[in-house]
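What follows is a pair of complexes built around subunit A, which joins subunit B in one and subunit C in the other.
For the complex of A and B:
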């Protein structure tokens, strides 16, 4: 075969024999040698690796059970966001087509019907009208029953949802479309809505909506539920002269620029948390001459009522700082410090409220007596919003003083008690920097005109001098 | 193309070509501070060259002087007197209004290894030793397979299925997980060095490597000596890299 002919954009017939070698090297550790989804990593993964012998494919563009070869090829190529399936663009295209042929063979007769490709209705662009219709349809076809009123995966049916194999399965958080298994693009979302997601409780809606184009109205509405965040490298705390409100839902906070921080599972100390529930926290901060106030926003599908027998624990979140802000790079160990170096925590826990604490590692958290921190929490539609406030200055060796202009290390930890997270089962970040923005000065309006005038004056002088010398 | 004979035009052309080369020719892109430094050196070199003899210097200055004094260049002069102050003023604005950036985290990426470490109460030499499991060639495949399982159950979440440092948790941590496919990581290290790094993890780093920032666990708590050597064999086999050898053999 000449070079470059494998770049065809249309589906190619793969060679299952050649696919086997690639499969055993790249896929078998999760999907198993026999394609039954029972590789050595399976028990650690949520969702579990696909059992190819079942012939059930989540991501397909067809009305029947059989996906097109292109559907399988796309999943291999793009991976499945929000799962352990990475994209395999590193493999040559020919290898990926060979894999498609090999993977399909595991299902034997189950994929014998030819794929019946869905014809999506004519695309409708997003508009205020389309969003209104989309929201009506969203409720009419009961998307909210599983996905919740604001799409944050907190619908009343959530606890009962099971996949084809009886494993609990969470509805997608529609406000985080970058984690959609089949991709975040409009056409992908519309296709999932139209033909459903096999093996999960997500049904096909092409027939259920009133008019075919409603598929696009709902798609537009789903896309409007959340913006893809750009992750922060610095957490900026805005300076203000005004009083900072206690209410986490106050208008004030919508004007403070957010910092989006990704949270990861804690996998250092047992029990390890390979599949953390909380993957994102949005931080806003404001300070005035007296105090510093943080507003934290994060999605949590349940406002847990702690019940140890049911393995339900208190939801919680914490900000972590070194107890002293020193100029050098040294700071306590990121995972809540260690025996020799403590960290300072600003912590909210369900039922206990806001508190200050010192930790020498996750097992040694001690509340600071006479804490001067307070706050307010609101839970609505699958989302917590929390305000925590503290005086800028602090006394004692275990509490940092916040100073404008100084880069202060900060880290975050979060617990979704409803998903059994407590103690070291948490999601966390490594160290970031917090920066209290210095009050807006007029420098940026004064300096540029001065520079421009000086430049002009210098040029005039040069021209004059040169002409005089002539 | 007579204007190309002008020293001034030549100097400008050289400057522009150099800038384009530095800006787009270097991959991955060089930081602005480096480009600024390079451009300053080029500028000095050009000035030295054009001023090397009097004729050349005069030819270089002529277009500049003409622009400043010649009556027929009056319009150009006026345009420059408006544009230059505005450009510099705009530059001053971008500098004055710039948002603060997080300070850079300076750290030694591959610090010098210790001569030996304590592994679960047993002293293990690091300097000069090779992977003991490689002695028995017949067991090679078995060790690599075992290493693959250890990898996928423990390491994949950060270092990725592709061993490229792009695992599930990779984008959430700084410093980021090592990319084993990159020729700048395991390919330039001895297997014993990897043993040290895996056994002692982030907390076992020396201070110049900011142990408080690293999320790498100390695997001696979880893996046996043989398991660590097995996963090392898997890393080299799966990436097609060769371990570095000790020099004094």
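For the complex of A and C:
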């Protein structure tokens, strides 16, 4: 090794002794005092915290088992999206390097081999051509076996996947790269593809593509599978004069602007859902003079076949509204109402279809007799698309009437029955506001020209009057 | 200066080692005998079956996982019989195929060195090894990569799996000495075993390990029987 580089490594090397103090304050709760991944909080976490004594690091940029110090530093700094590992940017950089040194020491001589950093082929920028080749290679190397045809983690091998410790492990949803454990950047993705994710079924593909640059084409294709959403603060329902189609896949819906809403696990009532499966729902809405129609899109890796013995339940989703839309800040309890204030639900459940219901809390859901909602659902390649429609006006005390220009509270709940979600084990949102866009009337084409003409006429009159007086 | 000395030292030691090993090689080739190992098992075969949900054209619709295979005369198949202490001898190159979503052979015996890994299935497999002495690997082998080569330099029995097809299970036995795998009748013939007292070892993936002393005679076949016990 040239002296210069060894000095550079030394400059980054932290002080394990100093790292110990930081570790015991910040890391031991999950990773354990001995670094064996058995801290007091471990039982609650999926995936489990890293056992540093194993010397096995998922996220690395090396061809062998040993990660670079920078690899460990990056994980400490950026955290691991989709897991309980937060980013530790709050710690001074020096502390983080010291942690790296201390953490590595837990593995003893298991990390004795020097890291062999991967040499990625020359970067290829994304282009139509690159995406085409990427898709071709994605199919040839059969990423779909685990990640699914559209990358939504629904491949046929999904139920069989286990990690190094025999625990079930889910493939990444490639359409949501912002949830990748090792980061969402191009180079990070290419590196994971090239060297694999240690301790998981994800193998190294560096030598398993036809041409070296295919690593970049596949990376570009993976990036193209899903755009990071800008979360909505307001759910807008588009006004239309046309008929609104039932088919969730209809062309119509692609023209309706989407609202992306993040869902969180329900952690207020036992059993709590610390690792919710559904973390995003895309909402599109349209209304005309008669009805209001919602299209909901969300990823679910399995179209569940309910079987209580296997802890597989029905997939479900619900939109929640107050039963009466009143001005002012008063709203029912967001978690499906309570004994004193009910909520109104537009709900779809596998096997039961769509229904209108009222709820006084998650355990007290009651279908509304003679409900008038109908809808259609499509499941394909790890994604549900649902259309639910209802008349704008409603009768009865438990059903709201939707009005344009009124801010209507709305909330969402979702259940992935295939992941054991049922009852209060759900993911949900707090209250948002729904806004029915005012219809754009033809008046805008009539009024301005008329005003312009009148103004012109008035000017002409004024000018004439002035001339006459002279 | 100190560095140069160290290098010279290492080179000298390596040369000496090579000389010693080379010398033993010659001895083995001159005076080898054969050990016929018969491995018996009194228990029942252990077979698991699994419904296959993909690649059924290549894998069939049912995967059969044979954990203990008992053949005629209570012979135990897929056991590795080896003489670990007898280093040198003929180098055996390992070849492992993935065919019909199975590792063929189920147990491959090889000398430390290279293993040729084939994919005869025209679908994606991944070679995922569980080892401690050698580097553990997890490499994809897509349909167009018909063959690849991996190095296993240290003696060890290594589990191999494929995550795409979770039922696929195989073993790579890296043995420095002569070795063989028992056939369907539980018989393995280890050839080129140096004459004299030798320790013969038998290993099975679920039934464990046993050892016996055998007096090997040059140019002759010595028989030895092992009785494996259920765990």
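Here is the rule we use: the second predicted complex is superposed on the first by the 429 of 470 C-alpha atoms of A that agree within 3 Å, B and C clash if a C-alpha of one lies under 4 Å from a C-alpha of the other, contacts with A are read in each partner's own complex, and residues count from 1 in each chain.
Methods note: a contact is a pair of C-beta atoms (placed from the backbone, for glycine too) under 8 Å apart; a residue touches a chain by one contact, two chains touch by 3 or more.
The shown structure was predicted, so the numbers you read here are calculated from the model rather than taken from an experiment.
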Open item on the list: Looking at A:260 after the superposition, I want to know if it touches subunit B, subunit C, both of them or none. Which is it: first, second, both, neither?
Closed with: neither
Open item on the list: By residue count, which of the two partners contacts subunit A more extensively, subunit B or subunit C?
Closed with: B
Open item on the list: One more residue to check, A:64. First (subunit B), second (subunit C), both or neither?
Closed with: second
Open item on the list: Touch test for A:466: subunit B only (first), subunit C only (second), both, or neither?
Closed with: first
Open item on the list: Touch test for A:379: subunit B only (first), subunit C only (second), both, or neither?
Closed with: neither
TODO: State the interface residues of subunit A toward subunit B in the complex, per the touch definition above.
DONE: 26, 29-30, 39-41, 44, 84, 86, 88, 90, 231, 233-234, 236, 262-265, 267-268, 274, 329-335, 338, 341, 407, 429-433, 435, 437, 443-444, 447-453, 455-456, 459-460, 462-463, 466-467, 470
Open item on the list: Quick check: in the complex, which residue numbers of subunit A touch subunit C?
Closed with: 64-65, 113, 140-142, 145-146, 156-157, 160-162, 196, 198, 201-205, 207-210
Task: Contact footprint of subunit A on subunit B as seen in their complex - done: 65, 68-69, 77, 80-81, 84-86, 88-93, 95-97, 99-103, 105-106, 148-149, 152-153, 156-157, 160-162, 164, 166, 168-169, 171-174, 203, 207, 210-213, 215, 217
Task: Footprint of subunit A on subunit C - complex, ascending - done: 53-54, 123-124, 126-128, 135-145, 148, 163-166
